[in-house]
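Below, subunit A partners subunit B and then partners subunit C, in two separate complexes.
== the complex of A and B ==
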């Protein structure tokens, strides 16, 4: 027993020694030349790699462009990349590595809310700017004055969507459907009903369904009786498609509007002709772009062989936003350029025009409406978002 | 602190892993009851500890204690019916239990549903990484003392032959239940530390993969071996960061490493080895019997 304790202590000692050894190597490596380091935080493998990979590609593209044009304040941008596999513990370890070893000026990521909330306190404590390009959940930027994000938020998108309903489409009566065991849906519906007040739109039906339900005849019958102009569904693609099938079966002619929850190939396959005319709103569309966005879409295609989605565009914009803030602040010190970043106004990004509010939350414009046409999503309109 | 924060964070991960592995080792390694749902106890510990910290601002050690006691009680409640099963049936049952816990937390208003809980950074007198390491060391010593106790020997007897153990006068059902509760207690403490260290938890963190991670640590080190669980958790905790230089191939190498280890040491790294005696013999000192003073 005592020998075992001794063994444990020896192991602990070895760990400590190894740790100290590594630290010496790191300090010499950290004192680099004339570069400003921006770290990528996200998953390159695993379930959420589809958010991380394009974000990193976009970041690299932006860095290369900035460096080709002479860098920011005469310094080259260096992207530090690592894979967190979508794991919180790895995210925390990497955040510590980025801030204490690589001594980055900013961290871009994580695109998911969960890891962003683990990384943010570490970045805040270390005084490193964190810009999450993608997280939409509550409680991220509230962590501190170094924490920002850049993506289309529902509380920004929904008022613009409702204005578009009332003004451009002439809708007056909306039937709202919520999936009440889906938090995303519950939150989105709440945002919708709050925003509908005072905008000339009346919610004539407020129906509840559940994720996993198959039969929606009761809800559709209720909605049909109210004769709405449009159905707003805040849930996901499977239920969305089945609801539309039921609506067509009961002879309803109106279409469905929803968030990115109904923007999925399953929605098209399952819904077939019933979802023709349905519309999903998103923050980015590679279609019918002009100017810088068109150039970005071309370059991204050339580079990766894929059409960029929202995350690629947001990763690109994140680096450009940071570089812009550094230029305006005249410094690559996070303490100084975070103030400039917080004052970003009408920044022309490829994923939309970005304005950062005093609470460090973004307002992005426009909102892209994708309509189902001939079994495909086609850009219907770009709806501008106004600052209140 | 002397060590840089990156290493500190890795040591924290390892420390939590050690606590979890030692916990699982008691029920799966010593008692031979395969649990595939230990993430559930980790989850219960994490949420109950986090809720206490958020609602009452209790100091961390008390939150940790509660984070252990609640899952231990849960283990007593579910263990009573399911520990009558054995082998595959028990594994499936614990798996089901883990899913139930996850779904309950995902739908419970108290645990903030799918949004999860943000846990404030705890105020501790000793630095958090040191606290985690001390806890891991304490748990390891505790596990070793359990193993060498009368209770531990009874557990191993149950593992080796339940009928023979019963014939020798061991109350099999009660011993299994107690081992299950102790094991859940440690999983809960580990989960509670996880919550406070990371500052944000979500029911989806504690899925099936988390249970498998724990099992991998125990199996890698050698089922039933306390130093083995320590070693397994250390290797699996450090490997993802040590292999980082391999970039995209990292997890491939990690997987290959696990396969190779299982091929060459099917009983785990320290399975069937009395580490202390082994070290003694190598260093030329005669092996001692336990209980003697140095």
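== the complex of A and C ==
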């Protein structure tokens, strides 16, 4: 036998084995059996792991609580987890696996707007519900009727934030920094510049960086020359921390304001004293809570040893929202509970009261401002959001 | 503000220069683009980080320790991945280098995770120095001075010492040098050791400057430093430093003018332009082929 033929036979053998393996896993459907599968889509390692890891913790906690109380319609929730490392291709590959091999009923994720937009078409096509517990940028739920989220949206929060700038903090000149290979950042900057028009705020500098950049000296020098009252950065925590270090190095005294992208402990670790006084806006704060939220905070602390922040709370709420929708629809089939989910009104989540609008976008109030004080995020203010 | 941007550019450029020196040296001697050089840089940065964060050493001791670690790693890589291929075509050695690069960066990702890590605060209490209105940090100044000092030191070693003579002989004609009784294995090992030590120094200094040490820092910085080395004339030691500075200034100028999305493209566009106009680089020697 020639070595070529031998090689072909070996490859054929490997393919056959792989195909057999596949068949065993694909038999469990989402609706049959005594478990209902919910997949976690997010990053457990990499540059955006600070959003994914807490979301998974929140999800697991909610699943355990629901299962301890008897499960959903008699079925136990099984959380299927995987790590997409913050990579779009990996996210797409995992979404394919969740919908075709694991046959999940729903996917909770992705916390980043960029990967959410990649996963949504896959979930939509497969008829699987996707509920993002973290993405806040535009252009996500428009992808299809199976796509939802339970976050405080940027286009809801930003007008309230800008009013707060002008009225309460007296800021007039803003230097905006956008990370232009980051969907969330690009969308947030656009929302900010649109909302700033006519609200008494002037954007004096519009600088661009990229996720993964390490050197920001040129951009900071440009901004310093314009003498802004505040730096608004619409990107993620690693770059945000490094930008502030560079700003302090060049002698700038102003602080950074940003979205939930800069709310992560890595922002504090990398930034050190340079990020003292910086503020992130998000839809949740573990301080000054009452009732269910306070109980959630206590239990989360006991379970993980850490105080929960927004992603953990929203991950927890996401699983509870899905379970609630399934109960109301009387089924764990996404085709059926999708409608119930779309009709959610005033759901008492631990991260805030959630109502899903007819266009499937969520409405949440209030907006929480977290300031970095003494190396920790401290609640600075709760700003009410206009619910039109 | 122009002066400040110039300062930013030169400082950034010297970080490339530190790495480019290693590339150019190894190529000059054994005609191999050591693609794993960026990973030695990264390994040096991690070694320095661990020594400062867990060994609680001060920065300069950690620097020495990191250089030692990188030297051992560099020599090990040469022994395992390049020496067996010395008789083979240059392409094989190049592919081997790429393989080592992927292996080391993945190993780092598995060992240290994918997050960027910073040096503990206060590792190098950096002061702002004012030069005619432009701000430069004492750390950036240190990097510029280090690049200059290393360049001079390397030139000295290569031009004035016996081992330097052996290196130059081996780079001119490898086989003839061996026939003349030069221990070429020793020369190559020494070259790798020297290059790796430089990379480690660069790694620690850059790691402290940008306060971000991650498994993929070698890939990114390595490509830019390679471009800098080629720009300045691969094989030329002053060329590596010049190439680094030119690249750094060009990159910063691009960003300052508002083209920050194009920052990497500018760097490589310059490389392509220089190669079209002057293929041996700015300071490279003209290659005459005797027919």
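The criterion applied here is as follows: the second predicted complex is superposed on the first by the 214 of 388 C-alpha atoms of A that agree within 3 Å, B and C clash if a C-alpha of one lies under 4 Å from a C-alpha of the other, contacts with A are read in each partner's own complex, and residues count from 1 in each chain.
Here is the rule we go by: a residue touches a chain if its C-beta (ideal position, glycine included) is under 8 Å from a C-beta of that chain, and two chains touch if they have at least 3 such contacts.
Worth saying up front: this structure is predicted, and the values here are computed from it rather than measured.
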Applying the touch criterion given at the start, work out whether A:208 contacts subunit B, subunit C, both or neither, answering first, second, both or neither. second
Considering only the touch criterion stated at the top, classify A:137 as touching first (subunit B), second (subunit C), both, or neither. first
Check the residue A:301 against both partner chains and state whether it touches subunit B (first), subunit C (second), both, or neither. neither
Have a look at where A:183 lands relative to subunit B and subunit C in the superposition and call it first, second, both or neither. first
Partner chain in contact with A:376 - subunit B first, subunit C second, else both or neither: neither
Just checking: does A:45 make contact with subunit B only, subunit C only, both, or neither of them? Give me first, second, both or neither. both
Contacts of A:89 with subunit B and subunit C, given as first, second, both or neither: first
Return first, second, both or neither, reflecting whether A:97 touches subunit B, subunit C, both chains, or no partner chain. first
Which of the two partners, first being subunit B and second being subunit C, lies in contact with A:121: first, second, both, or neither? first
In the superposition, subunit B vs subunit C on subunit A residues touched: B
By the touch definition above, which subunit A residues appear in both interfaces, subunit B in one complex and subunit C in the other? 45, 85
In the complex, subunit B residues that touch subunit A: 2-11, 13, 16, 107, 113-116, 118, 121, 133, 137, 140-141, 144-145, 148, 194, 197-200, 202, 204-205, 227, 230, 234, 240-241, 244, 247-248, 250-251, 275-276, 279-280, 288, 290, 293-294
Contact footprint of subunit C on subunit A as seen in their complex: 45-47, 49, 85, 180, 207-210, 212-215, 217-219, 221-222, 225, 238, 242, 245, 249-251, 266, 269-270, 272-273
Spell out the residues on subunit A that touch subunit B in their complex, using ranges where they run on. 1-5, 7-8, 11-12, 15-16, 19-20, 22-23, 26, 44-45, 82-83, 85, 88-90, 92-93, 95-97, 99-101, 114, 117-118, 121, 126, 137-139, 181, 183-184
Residues of subunit C that touch subunit A when the two form their complex: 1, 4-5, 8-9, 11-12, 113-116, 118, 121, 126, 128, 135, 137, 210-212, 217, 220, 252, 255-256, 258, 260-261, 263
